[in-house]
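Before any comments, here is the structure.
Chain IDs A, B, C and D follow the sequence of writing; residue 1 opens each chain.
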Amino acid sequence: MATALAWIVLVVPLVSGIVLTGWPSEPPHVVTRVLGVGSILVSFILSVAIFVGLLTNAADDRSFTSSAFEWISLGGVDVDLSILVDPLSVMMMLIITGVGFLIHLYSVEYMDHDRDYRRFFACMNLFVFAMLLLVLAANFFFLIVGWAFVGLASYLLIGFWYQRPSAVAAAKKAFVINVIGDVGLVLGAFLILRTLGTLDYGEAFARAPEMGAQSGTALAICLLLFVGAAAKSAQVPLHTWLPDAMEGPTPVSALIHAATMVTAGVYLIVRCNAFFDLSWLAGDIVAFVGAITLLLAATVALQQVDIKRVLAWSTVSQVGYMVMAVGLGAYASGMFMLMAHAFYKAALFLAAGIIIHALNDEQSLDRMGGLRKYLRVAFFGMGAGCLAIAGIPGFAGFFAKDDVLASALTYGGFGVFCWVVGVVGAFLTALYMFRMLFRAFFGPEPAGGYDPRPHPSHWWMAVPVVILGILSIVGGWLQAPFGWREVDGWLSPVVGTGAEVVVPEHTAEIITMIVSVTAAVAGIALAWWLFGADPERRIRLAKMAAGPRRVMNDAWEFDRAYDDVFVEPSRDLANVMSTSVEPAGPQGIISGTAALMRGASRVVSASQSGMVRAYAFWMVLGISLAGIVIALVVAGAS
Amino acid sequence: MNVPIGAYLAVSLGLLVLGLIGVMRRRNPLLLLLSVELMLNAGNVALIGFSRQWDDPAGQVFALVVMVVAAAEVVIGLGLTVSIFRTRTNLDVDELSSMRG
Amino acid sequence: MNAGAALTLYVMSAATVLALVLAVVPLPAAWRRLPEWVGCIGIVATLAIAVVQWGDRQVAFAGELHIDRFSLLLTWIILPAALAVILFSWGEPAAAGRRAEFVGLVLAAATGMMLTVMSGDLITLFIGIELLSVALYVLCAIEVARARSLESGIKYLITGSIGTAILIYGFALLYGVTGTTSLDGVTARLATIDGMASDPLLIAAIVLIVVALGFKASAVPFHMWTPDVYQGAPTPVTAFMGTGTKAAAMGAFLLLFTGATQQVSGDWRALIGALAVVTMVVGNVGALMQQNVKRMLAWSSIAQAGYLLIGVAVGTTAGAEALIYYLFAYVAMTLAAFAIVILREREVESGDTLGAFTGFGRARPWAGVVMTITLLGLAGFPPLAGFIGKFLLFGSAVDAGMSWLAIVGALASVVSVVYYLRVVIVMWSQAPDGQRTARRVRVPASVAAVAVAGAAAIIALAIWAQPMLDLCADAARALTIP
Amino acid sequence: MPWISILILIPLVTALVLAFLPARERRTARGVALTGSFLALAASIVVFALFDRDLAVLQQVDHLDWIPAAGVSWDVGVDGISIWLLLLTTVVFVLGVILACQRLPQQRGTIFLSLIMLAEAGLLGLFTAGDLVLFYVFWEFMLIPFALLIWNWGGSDRRSAGMVFVVYTMVGSLLMLVAIVATGIIAMDHTGQLSFLIRDLVAVPFDEGTATLLLAGFLLAFAIKIPLWPFHGWLPRVYSQAPIVVTILLAAVMSKAGVYGLLRVGIPVFPEGVGNLLIPVAILALVGIAYGALLAWRAPTMRLLVGYSSVAHLGFIVLGIIVIDRMAAQGAVLQMINHGIVAAAAFVIVLILARGTGTEDIDRLGGLAKGAPRLAVAFLFVTMAALALPGSNAFVGEFFILGGVFDQYAWMAVIAMVGVIFAAVYMLRMYQGTMNGPPRGVQDEGHAAEMTGRDAIVLVPLILMMVWIAVWPGSIVEPTRASTDLAVAPAQIALERPPDQIGVLRDMASADEVQRP
């Protein structure tokens, strides 16, 4: 029953996307809306039904596999087109379809004036399908397929405004980095296949212990999988595509580049916990990368002027927390934060979208200020989101982030390092988020005022923002310190309860709560002092620490380094290949041989002087040579 | 008198070499033909010598045939020479090199 | 003694004499085609006799002539070639006044070729070669008004005479070693000799005979006359030299080496193999840049001689079989190619240059198709007869442990593809240029017939390769088993 | 019914009929060519229907002695490796003929169609030949129609392009001929009679040195035809100079000849020699993967880009075959089909773009998606298949090729991944360069480049095939399994691979188990 519904959940967005794509001409907007948004609504309702259905089952009876058909059987490997419905995938389905539905709804108005209305919804539906495939797949092959389809949809949506060169470039960059991730994932799958002889989740995870704890193979598998995860989840050093991805329409940024797709890496690690449990080193490396990412991205976010880029870097940073958590083995905490983040980051993005829409595609914080008068809904959404992300008690981020940090502290040793980084990150998070909030909604209006006056949004856009804002407030109460741990309980059939699985201790929770709330409040206060209380102060202080700030502004020079280290050398190599090696080598073989033969032919022709006497001479020479040859043969034989 | 086969061969070889040098050195078509004749007769000498050695008439028959053939070739050669060099002043086969390469 | 066995030669000689008589008899205008008819009928009659005679060896004139499957099968090559040459010159404007001489000389040369391959004795062999050579000297120069025709005649004559002298010297030495001029006698005699090393005279004899026959077959480095003579001679004559002479020379090679001196084959295989290699390489390379199609075909005939020599070099019956098969294919291809050249020569000035073929295929698709098939066949493209021939020759080389011959042959073939296809490209890749097609004449039916027949033979020989090969195998066996 | 012979004869007869048609009968010629190509398609479907997928050896064999004295025969049949190639050939040629009919050259259009049908006959013969000499015959036979097509209707540099095509191919193929001859003669010691039947030769044990030499002889021919780096020099010239319909046929079908030969002839007949050549060939394939990708990245025109990408893609296929792994080999067989379809589709798109804009230069185009949205969708589809996006048909093949390679030589798979990444770079360059960015190179936003119904007739079937394979690749792989397992098994044994990797042994073992109880 659950699986049958899950198939429908999976297929409905795909069908809708295909119908929209195949519609002979631009369909009426009504049709596009019904198909594009309705399909996701159907999926969401069915997902809820599945969730309710699973809730009624016993905890150890919540995992179902369903195979559609034997997709390929080759060289001793069988791959079925099959899905796995279990607490983890259902949780992801709910987030994808739930948040996805709200964002689709929002897009109805946001994209209303775009000539490619249909294309937008087709791509969005494709994305939802791909994301569902990613989380529902019951084997690594279809995980990879979903993984790549997600990347494709992301590519299409980043490059949605394809006549903008910057959008095209950003799309390409995102795609290529995702392919690098795919390669890691594929290699990981190869290693799993070679070691365990199967790509099926169930079998692979069951046989995983055969590799032996702390074995090199397990480490290699984990790291290869993590390459894929890092590329998708924008972890250092594969994070550079995400800020550029903001070239896409804002709903895209909200859905793909904040709420769902970028968290796929977290999902992957949780899904493959059986492998990560086998190698503490792999887990620590993952956590370390997450920690570095969260800190680095937070510093960069401090400097951004583009409102969407602030949110983008904030996403990188937040996903860093999740990755850190799952790396340390706090799978449920990571998933909990994933969910909470989906709520508040979507709220933030959609609120930002309202601003951008209202200001006729203006995205620079420099041209904003005092907007709380005009855009109340956006203010609500962004305010709720900022409070949540900063970790103010009671809001979703508070529970989620503190859960992660407490887990880190519980982990001990290396976890303490992560905890410290996390706390610093929390401070920075509060600082940059409230910087954005204060600069956009408080302070004076930009010079010359707004022309035309920012217009409040229609309910299509307002409702999702409000709902998500509310979710940012209440969504964290699923799992409270000292109280209930609903997410842990829900996920325990998937992640298990072994020694490697970290669950925060109460002492850690207390310490974390005190420290992180202090850090958050400090961050907000500093932001108020710098940006809110006196808008002129930041201009007065602008010259301070110019060097570090420039580095941060350039995102720690990753792009330039990649250009210098990878892109330019490969381009040079390719140029050398096509301008020197190819003409001299493979083409040179041809022209060289031709020239050689022409030369030989000329020699032969030249010997053909036309004079009879010369011919006689050659005959005599020939006789002598023939004599020598035969004499040699005869001498050799005897 | 019994001439040893070596003598026959020496004479014939001498004739052959003379002929070969002649065809390589001479430009006059008539002298070229003469050189060819020398070579053919070198063969004849050898044939006759061997004929005597084996005491077999076939070699002499062969030599007669060669003479006929040589005559025929010379006839054609002279005819061609006349028709070619009717219009030319000097007899030089090297000038006959309009086709080459 | 079975003089009747030589009936083919009588008929040919009679036709020759009749044609030559017609040359001196004034003929009424209505009978001006009589010499050609005499030639055609004579050849067809001889061919019919040769077909009927197919069977075990018959000996005529005390062993001077062997009429066996070998000589008869080669006759089947020589006679159609002669017929084709007469058809080529049918109504040829250049030979208008000398039809009878022309036909008579062609018949004489064909007789010489037949005599060569039928000979069972060094003397007859020599007479045959000389008969064909002398007739061809004259044929080359038959267009006395054309300087190049004369030039080719005298060049052929002088170089040919040197070849003759070398041949006679070689024969003399062989006679000196064996004491007999009979081929069977030579074989019997050599059986008593322990290898060639025992007798330097035998070495010299073999070298000189290889050189002289190599000259007739246009093997490198005795090939130098070939391009000049082929280019200068009237094209029908060139075609005859390319086919008949080649067949006769190869027949002589087989008779003397695969046949008579088989016992010492271990000693001459490397020599002839080296000759084949040099010939294939130089012939193909020399053809590469030629701008004159006749000259290109001359170089190609040199190269083809190289392939043919593989069949001699291996010294086996299988090699001979492959050689004879390839001769059939080669003759068909060469005749068809020259037929097209003749067509083009009739149409335009200097029609034998490569430029004259620009757009020829587009202007005359059928002639273009025939030429294309022919050139592809010469290049050895499957499934044409040229391919099968090469396949068999290479096979015989590998079988005889001389794989290097096959490898060189293969690489040389690659070179050959270039110049054969150059003609194809010129014919098809461009539109015909207006000037050259100004004078469009009707395609002479006789020439077209040869062209089509040749092309058909190229395909038919491939499709019915097995029956053809059975014949060739019989012929090859006749070389060693009387 | 000798269906396979009929299958080869249909295009041959069609070609002859077309050749005899008067030049002005263009309408009739179109009808004849279409009928012929569809009949061939029908015949291939019949062959497929009669195909027994459990049988590993050549089936539906038509045997006719040709030159028994030389061991040569007309011997055609089909096995799992060739069955899809036959269908690919007939399908692509149907589409090719449709394309050719849509824009029939003004000059000698009937001959154009005739040569295309002749080429089809050659390719069908090649893919069905069971006799090595016959294999060689068709190998060379198909060159000529293609070369004539190039010479007659090609671009400005058509003469030398066609010449290079033929001559370069022949360098390899004539040496292959020598190797074929040698194989037959050496095998004669074992079998007692001269035979060039592949199924006879498979059973002949060669000693290692001989097998290596002979395999090398074959490999050179295959390497040039494939083309394997660095023997690809002919490819850019030919692909860019040929009429684009011909380029489609070359890239889609003819480029499979080499890899087909390798798997069908080279590996099974000379398993003893594989061990010595495995690493060198694999390295060439790897270099080709990277090199093709780099050159495709910098290629100035779309044709060259797709052409060089073929070098890279075929490198994957070669790699899959040469590492001697059943998974990789089956992946390679699948990938042959995939590449055929994708390359055909890619060149069809190049054709549409070139027609609409008059140029094939990537840098002179841009932003066409606005005026040509339908083409953009199709192009995107093809792009994703060409860069083997997971979920596309090409990915399935690539995944299992590299999976098998990884099993045997993990480092090779890792290196090959570089090609996977670059594929994304260069294919996106082509897609984005033409479809995205500010409009360039066209008036009217590129409406002229939009896919018309006539284009769709050709492109949509190709896309549907891609979807089919992507959705259910098992249906393609399943009939090929038995033959592919059999083809690599001798080499696996010669390389002393573990028995559980060897498909044939596994099947036998499981058969034993079935019988034992």
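Assume contacts are C-beta pairs under 8 Å (C-beta built on N, C-alpha and C of every residue); 3 or more make two chains touch, one makes a residue touch a chain.
Given the structure is predicted, the values throughout are model-derived calculations rather than measurements.
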| item | value |
| --- | --- |
| Middle chain, criterion being Cα centroid separation | D |
| Chain B and chain C: spacing of chain centres that average the CA atoms, whole Å | 26 |
| Approximate Å spacing (C-alpha centroids) for the pair chain B, chain D | 64 |
| Distance between the centres, which are taken as Cα means, of chain D and chain A, whole angstrom | 37 |
| Centroid distance [mean C-alpha coordinates] between chain D and chain C, Å | 43 |
| Junction residues of chain A - those touching two or more other chains | 605, 608, 610, 612, 616 |
| For chain C, residues that touch 2 or more chains besides their own | 154-155, 158, 162, 166, 227-228, 418 |
| Chain pairs that touch, as defined at the top of this document | A-B, A-C, A-D, B-C, C-D |
| Interface residues, chain B side, partner chain C - complex | 5, 9, 12, 16, 19-20, 23, 29, 32-33, 36, 39-40, 42-44, 46-47, 49-51, 53-54, 56, 58-59, 61-62, 65-66, 69, 72-73, 76-77, 80-81, 83-84, 93, 96, 98-101 |
| For the chain A and chain C complex, residues of the former touching the latter | 597-598, 600-602, 604-605, 607-608, 610, 612, 614-616, 618-619, 621-623, 625-627, 629-631, 633-635, 637-638 |
| Chain D contact footprint on chain A (complex, rising order) | 21, 69-77, 119, 141, 144-149, 151-152, 156, 159, 162-163, 165, 168, 171-172, 175-176, 179-180, 182-183, 186-187, 189-191, 193-194, 570-571, 573-575, 577-578, 582, 585-587, 589-590 |
| Chain C - residues contacting chain D, complex | 362, 365, 369, 372, 376, 380-383, 387-388, 390-392, 394-395, 398-399, 403, 406-407, 409-411, 413-414, 417-418, 421-422, 424-425, 428-429, 465-466, 469-470, 473 |
| Of chain C, residues touching chain B in the complex | 122-123, 126-127, 130, 134, 137-138, 141, 144, 147-148, 150-155, 157-158, 160-162, 164-166, 168-169, 171-173, 175-176, 179-181, 227-228, 231-232, 290, 295 |
